[in-house]
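Chain lettering (A, B and C) follows the sequence in which the chains are written, and residue indices restart at 1 in each chain.
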Amino acid sequence: MIAIEHLSKRFKTAAGKDHLALSDINLELKSGEFVSIIGPSGCGKSTLLYMIGGFIPASEGRILIDGKPVAGPGPDRGPVFQEFALFAWKTVLQNIAYGLRLQGKSKAEAEARARVLLKMVGLERFANFYPKELSGGMKQRVAIARTLAYDPQTLLMDEPFGALDAHTRTHLQRDLLQIWEEHRKTVLFVTHSVEEAVYLSDRVIVMAAGPGRIDRIIPIELDRPRQRSELMFDRRYQEYITQIEGMIDAFETEAA
Amino acid sequence: MTRHIPSICAGVALLLLWEIAHRSFGLSGLPGPVSAFRALPELLSDGDALYDIAQSLQRMAAGYLLAAVFGISFGLLMGTSPLAERLLNPLIMMIYPIPKAALMPILMIWLGIGDASKILVIFLGSSLPIIYHAWQGGRSVSQIVVWSAAAMGMGPVQRLFRIVLPAALPEIFIGLRTGLILALITMVVSEIVARSNGIGNLLFNSMDMALYDRMFAAIIIIAAMGYVLDLIFEAIRTRFLRWSDSGEHIQVAVG
Amino acid sequence: MTANSKLIGLVPILGLVLLWGWLAASGMAPRALLPSPVDVVQRLFELLADPDFLAQIGTTLFRLVSGFLIALVLGTVLAVLSASSEVTQTAVNAFVRILAPLPKIALYPAMILILGFGHSSKIALVVIEAAFPIYLATYQGMRNVDKKLVWAARSAGASRLHCLLFVMLPAAAPSILTGARVALVISCIVVFLSEMMSSTEGLGYVLIDAARNFRTIDMFVPIILISALGLGLGAGLSALRRKLLVGYPQD
């Protein structure tokens, strides 16, 4: 379980002033829960994720993971970035085996497990390719497999499908959901797409900017496993989307 | 001011290191910083030495200014004309690894050991980076900007001076700075090779005559020239490039 | 680039050689001052068959390569040190800032006095000249590494040191090799100049020896050779670069 208590983040601007990026965030994530964060650009979604990941320190408040405060990055929380962040000098297989090698597994063992993951994301044939030889969607599949390889309890996904075309995006959403159904990891998923958030999540957190804060948390009470084709005709699904879109529209007219 | 503190500390540390090396090696060829700096006033009050240094600087200025004018024009030509670029690129690549100061002995045979050969070698030594960066600067000027200027009715000459030159200026200054440092180095080396006069000659003559304090004083003077030229250049650059966002970066003396 | 557009670049080079040949042949420049290109090439091959001359090339090559390799290690180690923490970064950069604008060639007599007239003073000069571009390129390259790459590695369980050496350093490899290429040409130039200023062997010495005896033709040969060496080694490094950087995106 992840508990976030009175979390704030200030940045020093170039002019030397304090800039309050996140203010008093309180949030609890249950184990195995799929939670999405949505909100206007610059409201601190990435910053929140980075603090949970332990990549940047909090200014105030704390983050507890199973009761223990976060003190830095660790293999219990695996990030997936919009930019993929793959190691260009390693092949697909080596990228995925990376975390396992770090945990002291032998090369053969790590690669065997990496192949299983590669199969899971549907890229068996590309084991010996370099990242630059893959399309965007394939790169993100590799990045997800690399993170899943060291079996983190929590996935921190920062607009993972944001740089992909609509078609690839739909595929990856479906596959991610399938993997999640199977492994039931806790997922914190930042997105700009309301539809994506509703489709994937147990709860959708709507954030507002200036300073970044949680505006509302909306439980998505749709049955699982979900099929997109079925959801399309589900009235509640449509209502969730309309409701959240409306809230975001309201922010934007407010801000303008 | 506070941002200079680390550099000042580093400078002091280097002087200390020098002193420690002096004491621990016990070589006559390595006097301490104190005696080297003591030899400085003597060297600087020596009329002949001062005349030598002034001569050196004059030749350097002449060679460098020639290189600047020639290099910028040549580089911008390459940067704005694809034909000139294709024509001259391989030549530049081939000339690049030639040690220009090594041409000094040949130039001396052709032109004598006077100013002409030294100015020419300084010109050769400093023009290549100026050409190169002016070329890159000219290339980077957005074709769209040039076209819209043409559409507004600017002629080619006007476009060159009002659009291309200012836009390429930050890059040109990088070349001018590298060229300046190279001019200084080529000057020193050419004088060491020609052994007639100048600060480079002073440096090696002092070594040959075992006047080690004087030799290190000459090193200090050359180092000071490097710093002073660097400071003057930086002042001029910031003057011209106030509008540009190219931040400060460490420049290296090469050659 | 098409073959045609590459060929056009040969025109000025050929033009210069022809001009040189014409100047020498027309008798406007006396043979003692300007040997013809044919004579120079002939002499070049003559000397390349001479074991003594090959030994001179060997000496220069040895100084050049050892100086360059030491500079490569030194520059890279300093850059890694610099990238490892704020404190080391401030410290290393303070020294770099002080030493960078200094014309290092002025220190050469001091190196001769401390290290002697043999190999070490030349190698030392090559090292301090070549280490700076390598340091700066590596340092910039490591600073520009995407932070998310490091975060991804840290999450997977990598230590800070591991990230520094096995994530940031390989990620900066393209910059390091670019710096190395610049440094290699500088090394060629510097080793030659150092041999001209004070040496009893090496290609630079061959030039000075020929100059003392007014053998003009023998002055052209070492200059052509050292330039060819610079071009050749540079091309070799480029080939190596293509091999080493297979997975990296083309810049």
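One rule holds in what follows: contacts are C-beta pairs under 8 Å (C-beta built on N, C-alpha and C of every residue); 3 or more make two chains touch, one makes a residue touch a chain.
Values in this document were obtained by computation on a predicted structure and should not be read as measured data.
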Touch-based graph of the chains, sorted into line, ring, star, complete or other: line
Most extensive contact between chains (C-beta pair count): B-C
Farthest chain relative to chain A (centres taken as mean CA coordinates): B
Chain whose Cα centroid lies nearest the overall Cα centroid: C
Approximate Å spacing (C-alpha centroids) for the pair chain A, chain C: 47
Where chain A and chain B are represented by their mean Cα positions, the distance between them in whole Å: 53
Gap in Å, rounded to a whole number, between the CA centres of chain C and chain B: 18
Sites on chain C touched by chain B in the complex: 1, 5-6, 8-13, 16, 33-34, 90-91, 93-107, 109-110, 112-114, 129, 132-133, 136, 185-186, 188-190, 192-193, 196-198, 204, 207-208, 210-211, 214, 216, 219-220, 222-223, 226-227, 229-231, 234
Footprint of chain C on chain B - complex, ascending: 6-7, 9-11, 13-14, 21, 25, 27, 29-30, 86-91, 93-94, 96-99, 101-103, 105-106, 108-110, 181, 184-185, 188-189, 192-193, 203-204, 206-207, 212, 215-216, 218-219, 222-223, 225-227, 230, 250-255
Complex contacts: residues of chain C adjacent to chain A: 146-149, 151-158, 162, 167, 170-171, 173, 245-249
Residue ranges of chain A in contact with chain C within the complex: 50, 53-55, 72-75, 77-79, 81, 83, 85, 87-91, 98-99, 102-103, 130-132, 143, 146-147, 150, 152
